[in-house]
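Shared between the two complexes below is chain A, which pairs with chain B and chain C, respectively.
Right after this comes the complex of A and B.
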């Protein structure tokens, strides 16, 4: 028999198998815990921390997406501490990243009364648009660093390893090795990264072309598959 | 065989955990790591090129573009800042005629700055890397000294020197404590002695050492590992450097004792990359000596216990002092901290049971096993047993490493041992950048873990920085802000974004609402960050807001 734990979430009691995350338990109780980096199909790394909840009024808050339920715990999914952290994370994110094409994060910002001008003159993470292949464009100015694209390209799905994280801290960004074009990288254009990107950072070229108001002809020309040059056989 | 093949030859058949050593070898030879080199390394270790590129991009000491034959990095962190480091850097740039971070057109020099080098008692300090040679440190740096050559510095030590700072630079004799353990004590007895001694980890997190060993001993999974944390990158901390340079055998014996106690036959000693090659070579020599004397290696002293120690060099990342990030670095990855639980006692290095301890902690174990827990407890208090090393820098007469009997007050330490205050005291920063400030009327606090905790402060790694009234506290806060902005690993949003926003606010002219901004950023980093770096990245700032609200 699997062991179970019993805890209360916002006053409601629930019993779940040991190892169940707080997020899973909260969802069973229809409690709304916001997430940004979490995705059912990728390894949860506890990055964005907007899912933090208060467990037993502890010294620090716990990320619901990765923290396991503990027996007799008292969990509050939305109190003052939790709200401050969520609001401040969203305010800082909005001051750094272009979130115009991230409707879910926009809704969250409304829900948490975010001051969209909280950090005047703050440095933004701006990157030039990367349009280096016929299939998709990459606009890392819209990247929130959820790591999903890097993960599906690697051990979470594809084992292609075209993408990596480069830099550190605020300057962290997604890149290919030496920032080469995707066409020169091991990328097989499987499209998995596009599928998991929560913002407009990665999108199909057709969608980009339509957004830019390109004519159908231009879109077709720009998405034509080039003949692969440079294929060398390794010994 | 070309040069690159020759460098890679010894690594044939090795795996990803050899990545940092390979990158160091390639960079030492060429000055940087080229795309061709990454391609070749990828084949040798079977690691994707993108991953290798990401690793190079994580560590500040690695370059993926050509740099000058000599790279000079002047420390502009707290203590060096007070000692005129900004001027030294400026003079150098003028002398060579380049901008910050640039390479001279003749390809001879690249010049920039760095965070604390752990040489604060010799401030200002700098790190000089020469192609084909490696790294060395320059103490009391001037632009002329930096351009002209090598310099050795002596450690400044003092205090009561009761235990760890005795017998400096003694030649290898015997590992008496290890001998005793191997022939007279069971694993459980060694662990019990360490538990009874009340030894608490010296790396900053203050976890009971005996308990950590006991948990790891209890896990039924092999191999197990001992990791000695010599990353020592907390600004203002340099005690482990002194132990590594002057008592290397004490550290190695402590690691072997831990290995015996938990059932590990392999230990890694992870030294920060900024410590000059001389430091790690010193340790390599000590290992060779001990192996030659049968005190390390197979069947130590004829027993059936075998234990080997491997030195690993970091490559410039404060976060790699965090224990799980350190494991990732040894495994050849970007130094991202892992989510805990699981803890290192069950899932540590290579996901195996691991004890990770600070240099000073492992050194202290030797006396405990040799002379017993009661001997150790003659010093300190019930909750802060044993002597403690303190690194003190800034405005005191004699900055250096002091061994104290915990319980003396901060004022006593400085007035009776460290040559007194220089100028009129304004503030003391306890526990390094991740610590908290004290004002002049708080310095009669006793130096123990419990007294400082009760005072809302911390002993942390034992770093104490003293600032007199000539110092602009906004400047100090700005440097702290830059430190964390530079060192955040970038994994979790609160710290990745918060360290940047906090730094921006601290270095610009104050604006209305800044105090509230800093408090929101600070509490969010403290409560929502993934690891100890983010959780303490605002602690000095928040303590300054309490003490000097008018500054914000």
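Right after this comes the complex of A and C.
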């Protein structure tokens, strides 16, 4: 027999097998806990902290995606502490990363009344667009470092290990080893990384071309001649 | 930048390999700009490979056929549908009248839908009165099909893809799964890495899966039977077999044991080069597992002893009781999106739908009644026999639906002579290809993205495809084209009652198919819509479908052990032709390349490369990127060489997708006597350093072309 634990989430009682995360339990009760880095198909790491919830009014909030349910716990998925925490996380993310193509995060920012100008002097993560293969482009200015792409490239799906994290602290970014072109890396271009990317950081080249307003011929030409740096249309 | 909003998102099934991945096509301005996979749906659960994710742009390639074409001297002229259909139906009717239906050879299509293929074989059988219908399954899994039919009476994959993650022990042999069935390989890797499954790879090439293997047996090419027989020998001498299963479910074990007598691991070591101790270990691992499955591909099947290879695997499974339970079975991995379905739909010379034999009087009577006509009880010709028949004059005309025999047949020069000898040839295709160059009439068909229907994947799961794009030009779904031809021919030939070629849509065809096919009876479009896919056999509407086979025993009644003798009819190397050539596929391309070479996939792998062992390269003073001429007794090709430890010494590997160095100019048309499958994996060749040819991209260094790289260098 699996051991079970019983807890209340926003006043509703639920009994779940030991080891169930708070996120899973909350979803069973149809409670809305927002996530950014979490994806059903990848290993949860509790990175973005937007899923934090209040457990037993404890000293710190806990990330619901990795925190296990404990017996007799009282969980609040959205109170003032939680809201303030989520709002601050979103404001900081928005200050450094281009979130224009992340509609779900935009909705969250509206939901949490985010002040989009809260940190006007913040340094932004800026990267050149990487266009080094016939299939897709990488714009790490839009990357929130959720790790999902790195994970599906590794043990969560593909076992190819083409992507990794490079740099430290603020300079941390997703990269191939030594920043070599994807065509030189072990990448097999399965595109699982695009399938889990929560922002517009990774996208098929055709989609990028449509965004840029390219003609059909330009789109086709762009897949024919991969370039290493910024995209320019002439030649 | 703003997010691109799709005008529509269409759920469909991938048109490439036999995994049958479910995908959502995001479309704007009639352009597929993003392909996503639903995370909650079998068989791929959110995963795709490069071909499915990025390789669908062939659908909008400018060179899609837009109008019927009729031969005009050396070239073709555009024609109206009316003119082309009238010409084809008159010509074919004339040939049927003058020479009889058996003078026609027809290729059904492993890429078209079940509905297309059902109508095609119905036309061939009911209107032209011949069973000369076959397709490229003959060139890929005929060895497996024949072997498994002999041993257990059913040739489909016994397990579902969903079971793979929970495998305990499994063998992969003759399949470079990570490149040919990439999404299946993810589940195999996961079984090893997450669940601690034991993997035994038996393959001459150092494929990526060897890095995940508990044990890798590197046999010399063509010595598979010796290795499997020796494993059986170990299982018998160490009494690791399953007496209950053998006693209750099989026959012929005693005779088989006797035949095993000489097959010691040491005997196999001398033949195959695999250390005897490794064979013992592999046998123990396999036999002692609670459940063990075997997966294989072309390496087993495409051989003059392909049937023996499959039989020897069936023997292993039966003696250890590894059949009829989840995660245990015999699994030939099918190469094309609907090669299973084309066979299931009657695209074979000896059977109607779901393997109902043409020479069974009761079955014949059932179809005669359903189609209001008399039918031939004589099994027809296989594709390899059709080609020979064209040379002898027995075959006058050929109808090719969506296949490319001028790339996929062995010994292409021989096939070319045969096709040139024909009086009349008609091709139905989405592109002009190497075969349709020889056609008299070419009819443009709609691609998978432009029509409705069903595909059956490798694990017998029937899934829907749905129209996502408007048809290109005047192209039409294959079944519509065939119905037009069939109706016209019936009128010309004056049949008293039509066999029925008037359908409102693909679903109406499926309804007829399931009415004449007990195994499909429980599957309807409405059910596929609701459930996403159903594994046949599914005899009734409340039947859940059958993810794994043989729970109630094998169809043959008792599984039969077939004594085997090791021997080879393959072409052997000698002083003049010292290298052994084996052919196969690469990740970025698919079969004859009709689709992938008209896609950006071709940018990633733009040219053929010959893989060669470093010692061989050293002896010939070759380095990666050098041009070589590869010559067999039948032909020669020129391409660049890639020096890699992936090939064993003495063996070179050449993919068969590239017309500029068509591997099948080199292969020989020697066939397995029972399965009629050619020996694509064994040809003797000689190599010579060549001048750089004038060819697109010849001046670009090999390592700078697309994503071509030394295949073992980055394997993890």
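Criterion: the second predicted complex is superposed on the first by the 223 of 235 C-alpha atoms of A that agree within 3 Å, B and C clash if a C-alpha of one lies under 4 Å from a C-alpha of the other, contacts with A are read in each partner's own complex, and residues count from 1 in each chain.
Keep this in mind: a contact is a pair of C-beta atoms (placed from the backbone, for glycine too) under 8 Å apart; a residue touches a chain by one contact, two chains touch by 3 or more.
Since we're looking at a predicted model, the values are computed, not measured.
Participant: Please determine, from the superposition on chain A, whether chain B and chain C clash or fit.
Facilitator: Partners fit side by side after overlay.
Participant: Tell me the contact category for A:169 with respect to chain B and chain C: first, second, both or neither.
Facilitator: first
Participant: Once the structures are superposed on A, label A:89 by its partner contacts, choosing first (chain B), second (chain C), both or neither.
Facilitator: first
Participant: According to the stated criteria, A:185 is in contact with first (chain B), second (chain C), both, or neither; which is it?
Facilitator: both
Participant: With both complexes superposed on chain A, which partner does A:161 reach: first (chain B), second (chain C), both or neither?
Facilitator: The answer is both, since A:161 touches chain B and chain C.
Participant: For A:123, decide between first (touching chain B), second (touching chain C), both and neither.
Facilitator: first
Participant: Applying the touch criterion given at the start, work out whether A:204 contacts chain B, chain C, both or neither, answering first, second, both or neither.
Facilitator: second
Participant: Is A:213 touching anything from chain B or chain C once the two structures are fitted on A? First, second, both or neither.
Facilitator: After superposing on A, A:213 lies clear of both chain B and chain C.
Participant: Could you grab the smallest C-alpha gap between chain B and chain C in the overlay, to the nearest Å?
Facilitator: Minimum C-alpha separation, chain B to chain C: 7 Å.
Participant: Intersection of chain A residues contacting chain B with those contacting chain C?
Facilitator: The answer is residues 161, 185-186 of chain A.
Participant: What residues on chain C touch chain A, complex-wise?
Facilitator: The contact residues of chain C facing chain A are 1-4, 26, 28-29, 31-37, 39, 45-50, 53-54, 57, 178, 182, 186, 189-190, 193-194, 212, 587, 600-601, 603-604, 706-707, 709, 714-716.
Participant: In their complex, what parts of chain A are in touch with chain B?
Facilitator: 36, 45-50, 52, 59-61, 63, 66, 68, 81, 84-85, 87-89, 91-93, 95-96, 118-123, 144-145, 154, 161-172, 175-178, 185-186
Participant: Within their complex, state which residues of chain A touch chain C.
Facilitator: Residue list for chain A touching chain C: 40-41, 100-101, 103, 133-136, 155, 157-161, 182-192, 194-196, 200, 203-207, 210-211, 216, 219, 223-224, 226.
Participant: State the interface residues of chain B toward chain A in the complex, per the touch definition above.
Facilitator: 35, 38, 48-54, 57-58, 60, 64, 317, 334, 339, 341, 485-494, 496-501, 504, 508, 511, 517, 520-521, 523-524, 526-530, 535
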